[in-house]
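Structures are listed in the sections that come next.
Shared between the two complexes below is subunit A, which pairs with subunit B and subunit C, respectively.
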Partner chain A sequence: MLTRSFDKVEDILEKYGYRKEMLIKILLEIQHEYRHIPREVVNYIGVALGIPPAKIYGVITFYSQFSLNPKGEYTIMICDGTACHMEGSMNLVKVIEEEIGIRPGEVTQDLKFSLDKVGCLGACALAPAMVINGEVYGKLTPDKVREILRNIKERKAE
Partner chain B sequence: MKINVNGKQVEIKDDAKNIMEALREIGIEIPNLCYLSETSVYGACRMCLVEVDGKEIVTSCTLAPREGMSIRTHTPKIYEMRKGILQLLLASHDGDCTTCEMNGKCKLQRYARDFGLTTNRFATVSKKTITDNSSIIVRDNAKCILCGDCVRACEELQTVSAIDFAYRGFDTQVVPSFEEKIENTECVFCGQCVAYCPTGALAIRNDVDKVYKAIEDGKYVIGMIAPAVRASLQEEFGLEDDIAMAGRMVSVLKMIGFKKVFDVAFSADLVAYEEAHEFLERLEKNERLPQFTSCCPGWVKFAEQYYPEYVPHLSSVKSPQMALGAVIKKYYAKEIGVAEDIILVSVMPCTAKKFEAEREEFNGDVDIVLTTRELVKVFKSTGMDIKMVEPEPFDRPFGLSSQSGLSFGKTGGVLGSVIEVIADKAAVKNVNTKQISEGTNLTEIELENGRIVRGIAVFGLGNVRKVVDKLKNGELQADVVEVMACNYGCIGGGGQPYPNDVRTRARRASILRETQSVDVLISPTENFHMRQLYEKYFGAPLSHEAHETLHTEYKHRRRIQQEEIDILPLPTDDEEKIEISVCLGTSCYTKGSYEILEKLIALSNNEEWAKNLEIKGTFCLENCGKAPNVLINDRIVGEATIEKIKEVALSEIREKQGDTEISKSNL
Partner chain C sequence: MTTTTEKRFDNAQEIIKYIDALKAKKEKKLQKKSIYVCVGTGCTASGSRKVYAKFVDVIKQKGLDVAIEKIDDDDEPVKRTGCCGLCSLGPLVKVMPSGITYSHVTVDDVEEIVEKTLVNGESIERLLLTDPISHQKVERLEDATFFKNQTFYIMNEIGKSECESIEDYMARGGYLSLAKVLSMDRKEIIEIIKASGLRGRGGGGFPTGLKWEAAYNSKGDIKYIVCNADEGDPGAFMNRTLLERDPHSVLEGMIIAAYAIGAQEGYAYIRAEYPIAVEMFNKAIESAKEYGLLGDNILGTDFSLDIHVKEGAGAFVCGEETALLSSIEGKRGTPRPRPPFPAQAGLWGKPTLINNVETYGNVAKILRDGVESYRTRGVQKSPGTKMFSVTGPLNLTGIIEVQFGTTLRYILENICGGTSNGRRIKAIQIGGPSGACLPEELFDLPLDYDTLKSVGAMVGSGGIVAITDDRCMVEVARFFLDFTKRESCGKCVPCREGTMQAYNILEKFTQGKATYEDLETLEYVSEIVRTASLCGLGKTAPNPIVSTLKYFKEEYIEHIEGKCPSGMCTAFKKYIISPEKCKSCSLCARSCPNGAISGERGKPYVIDQDKCVKCGLCVTKCKFGAIELVG
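Presenting the complex of A and B:
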């Protein structure tokens, strides 16, 4: 194959009119597309937008939202902000670890799940909370977490 | 404007950029770690605090002067604050001063001493940091205080941005993209980051030991010294008035075991002479204009990366360093009969010269490059009092130089020398120079026949980028452009002693001017030994032999390295082979590069002349604006069509074969 897989990147760049100031938006969409920000893409958009790759790398590594390693199909963000922490979020991390076998910052081998511990999801009233692919789950208990994860796993089996 | 400083009325300049600069003028250097007058204000180190009107304490680098304001620069409170800042910085610093390249020159070390920091009230925290000693520029982030001087120098002064801050908070570090080794990045090795680093986080690879080893091994060690080195050495040893410095350098090098010491200014004469003829030829044929100088290896790499369309415009004459290297290795070695054993050591104000010497085009003619700072170390370690060393002249034949050759060390020098040579060849009526923008001078040379030749001398890669862009879009016209990557030219090179700021550079320029003014030869054409070189070996400028020895070629260099794909490889290493790489990057692909590729394959199968086309697929020639792009040997063809490619390929074949038969029979 002689084609390259940058068609999608090109679409995203086009969407934002190749504007430098849209870098973060562009990176977010790229991350959504690839589930991380691949190195070749950084170089590619660097050339396309006229931003030195070192600068883009700085932006990516500054925001914890961006990842340079592939994330799972389901990205789990477990909140460890003060409110969630007090309500036992660390205990939930342990439950998730048992259930899918990865620790915060890791991805399962089949790229199904990735787990990240975040500062605050802004859902303190629902503490302890987690977000999976944009969906918020609140007032969690170990059993609830097990159920949620098993449901997702079964969805695949169907 | 009148302000009150520490209880005294003082007069400061109305246009002072900030209080820090204003106080500098009246003899108060407010302690600072992140202030660079040439770049934007960062205000991060908080060392430059001053008290304003007896109330607030603010950073003087961000403070605008105001009539009648009252400043206190050194109150007990400020003293304590500065001490606290230093202690915090030192708590996460590796503090390995004795093995640090900056030992004795480090600002952090100096302040720690001046503020009497014998103990630290904070416990030491070690950081996870990166060291990169893969190339000429050595980075040790354990010594970095995150002042950002290197980042701003690289981005704002040089517009390269090979490095930037990455990560966040306590984990912040300055690194290239993806923590890549600096040698694999767009870094042009100008070393301005090293020049401005206040600590030892950035240093230059030290090659001094290689020189001692060569002497120890009984090699025939030959030295050659660049013009800018003597000026900064004078300043480093406090001998500003000592015009015999070059001679003292020769003496010391001889004493420690160098067999011969030559002057790179000689070679500058040679290069100017050859380059002026090259320019006149291009002017006559009206081709590849403007001609860009190529003495500065930082600029050459910059052009190769960012302006591939101007690579053919670079003067093909080697830089003085590489030209003298070639002359010594090719001819002089035979004359003195020590071919294999010669180790050629050049002393340069420049970090990029180390990179240049290692470029494959020059097959290792120069073996070791030392920067001025390394030479200073060699001298200081001998314990000799330089003032008392009796000067000795440079060795003949490559020791004679004109004022022009010496002036290569600072901005305008190369252009001026070329003009001197032109004046000798064609009648020059009038020469008029004026500054047209920051770091940019325009010289108009009116010839006897009424023609006006326009020459531009520009320094600092940021200024260069502006000038080249204007030349590209036609806003500016020039016939010859002298480019020096560092501010004020080589005297401000990345290998020069500390401090290496604007004030020091201006002083060096005047020292060099003085040294130069006592030289009795003015134009390169008066250099007897240089002319003899032509009589003996080259015949005439631009002769075949001159081309073989003194000229080279540069090529488009991509910032992003990727493997090429062989599509129609040729089995032999045929000299007549033409390499055609079709860009299959997204931009080119969407604009039909794949169809071009198919047509090309058909062409090479069907047409006799096209048999020697080696066809490759490549990724992103970084010329996406002109997609589709095709690289033919080293020439980029933008907005390519099969007809355009055919035309260029045929002209390449013609150039190679030197006859026109093929083209006639096939076109």
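Presenting the complex of A and C:
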């Protein structure tokens, strides 16, 4: 598993020519690949790029797109931008909590779902909005959210 | 048909001729039967890509090629267009040549649209947009009051431009300016931008020409150019819209700016949360290279330029220019003191020009159509137009373009058609976390950089949020401080600790625990954060507090006195059981997670307010509607 994972990391490093200034893009791709930045990988790219791991951790913790702990198979990003907040996005957070038992920043125990609060997704005209694995859902109501989550849960059961 | 490699142009005259030919082709194209589907973020979220695929399918299946003549092999009958600005009505579909536009189109409507509208030119009443101002059905988008009352400069050709096609951009006169300026003296270009009075659209409104001049005058063999597309305001998406619908207009502006200041390399810093914008801009870069408009020896001159896309990774402070540059270098995005300004020492210490997406979006037009034409819109000190994203409970919301000097009231009423929920708009939030909340008395002020500044607000990047009287202004301030306290990079104490303190106080207000002393502390903390912070984030973070304190102080006082006037802060509310309606079924008591409800058969149940956490679950359980929220 680990050696295989380093192959992927190698590919990503190679793609960006082992250039230091591409660190953020490299981390974005690693985050995308593993749904988090594994600690072994931090050391590995530190050596490969010649950046002290402490510096890399500094970058990882600075930007909200990165996480050191794994995200769920379904990453839910609930928008809490101005428009969505005014339209009651925080009620939806409660609904999600009722439905799958996690709060923003958390992951379900089976690693199926993770939930994060984000600023504007650019779909304000459809507020309140959320994104699950890249797909945008707009004009949400508590019922709509429940339905979306239940559909995903059923999809998994199959 | 020419192949891509043959399209590389190595002199300006040739491309100017080619552009003329494309213009004629576009004219012809718009006379032919074709369909434009909006694939911007809003419409995509409403399912427009499925609608697009269905159109392609249906047309293929029906073999309508005879009815739908193509201009050439490149010309597909179903086209993808960028955000039209009316995202709340998406998916939007426009049928040419009639221009009939439909809103809320679903996959099930596609067949009918092809048969009735595309083939026979008839309109389908049910899918037409009802103008909320004239109350009439409108066939063509351009005839809706929403569009008629805007002033277009950089957003024209609504719904009939092909966002991914460089040729479509050229057919609209794109890259003519680049072809023209490459034979001009660099100083002359800068003089034109100065004369236009163009001001930076990224928030501050700094004169663009002066910034270019400073970068030009900076000594150094290596210079950089940067486009700020971080758009961190959590309630605005103008930059994203422009990048999605007309990426080449921004790219052309960047190339011209690079030429003018003598830069050889450039970066567009785009938020990773904007995948469609990233994709469109990358495509634009690729096609510009194919056509010899970017890369080595642009249009056969000795000017060479490379442009890369850098994705941001989710940090608001990275919109601040020095933080952004540090982020491009692959580091934490923390601001540093200025001077030196980026124009003197920017990326890797080299002179760097940094402008906003929309600023670049104006450049090519100004050089093509002239300074006079640019200055016919707007006001003396803020000439031109500005894109705004307008959201909130209004009849129409989305992206608009108006000239500077337009009033908020005009936007709310004559463009967006007033409120959709019948409530009164009591405030406008403008400028995002660095911006302010303006009361109704100020809705008639002209929107321009200097007027807004004089009332403690700012244009910011252009987010406008309408707030109706059922929303709480203290909660609005709390929301923004929650945002800035999380986004503070932590480098300086006043910002890091001050925003946290201010937030805690605001939370006391919304939870009904604030005192008059808190009101004073809040004013005091705001002042310190404003004056002692290093970068713009901290300096402007108190604006939402200061403006709500100035214009809506009575709401703060009412919170101290034990009431949220809008009814939004749930802390002031309580759930009670109506003794008349309660049938003593005990369902609510069994569902309450906190055991706050008790009672016995034959008597109405009661809620123990000390135990109740106001989750509202009991309300959903009661079959008799006996539980109400009051306060």
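Quick note on the criterion: the second predicted complex is superposed on the first by the 153 of 158 C-alpha atoms of A that agree within 3 Å, B and C clash if a C-alpha of one lies under 4 Å from a C-alpha of the other, contacts with A are read in each partner's own complex, and residues count from 1 in each chain.
Methods note: a residue touches a chain if its C-beta (ideal position, glycine included) is under 8 Å from a C-beta of that chain, and two chains touch if they have at least 3 such contacts.
Remember, it's a predicted structure, so these values are computed and weren't measured experimentally.
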Requested in this report: Please work out whether A:62 is in contact with subunit B alone, subunit C alone, both, or neither, and reply first, second, both or neither.
Outcome: both
Discussion item. According to the stated criteria, A:111 is in contact with first (subunit B), second (subunit C), both, or neither; which is it?
Written reply: neither
Quick one: classify A:39 as touching subunit B (first), subunit C (second), both or neither. first
Counting residues of subunit A touched by each of subunit B and subunit C, the higher count belongs to C
Once chain A of both complexes is superposed, is A:120 in touch with subunit B (first), subunit C (second), both, or neither? second
*Regarding the shared-chain residue A:136, is it in contact with subunit B (first), subunit C (second), both, or neither?*
second
Practice item. Using the touch definition from the top, say if A:7 reaches subunit B (first), subunit C (second), both or neither. Key: first
Applying the document's definition of touch, where does A:27 land relative to subunit B and subunit C: first, second, both, or neither? second
Residues on subunit A touched by both subunit B and subunit C 55, 58, 62
Counting only contacts in the complex, subunit A reaches subunit B at residues 2-4, 6-7, 9-10, 39, 42-44, 46-48, 52-58, 61-62, 68
Per the touch rule, the subunit C residues reaching subunit A in their complex are 41-42, 44-46, 86-88, 90, 232-237, 240-241, 272-275, 310-316, 327-333, 389, 391-392, 397-398, 429, 432, 463, 465, 467, 471, 476, 479-480, 483, 489, 615
Listed in rising order, subunit B residues that touch subunit A in their complex are 155, 160-168, 175-178, 185-186, 559-560, 565, 584-587, 589-590, 594, 597, 617, 619-620, 622, 624
Per the touch rule above, subunit A residues touching subunit C in the complex are 20-25, 27-28, 55, 58-59, 62-66, 80-83, 85-86, 94, 118-127, 129, 134, 136-138
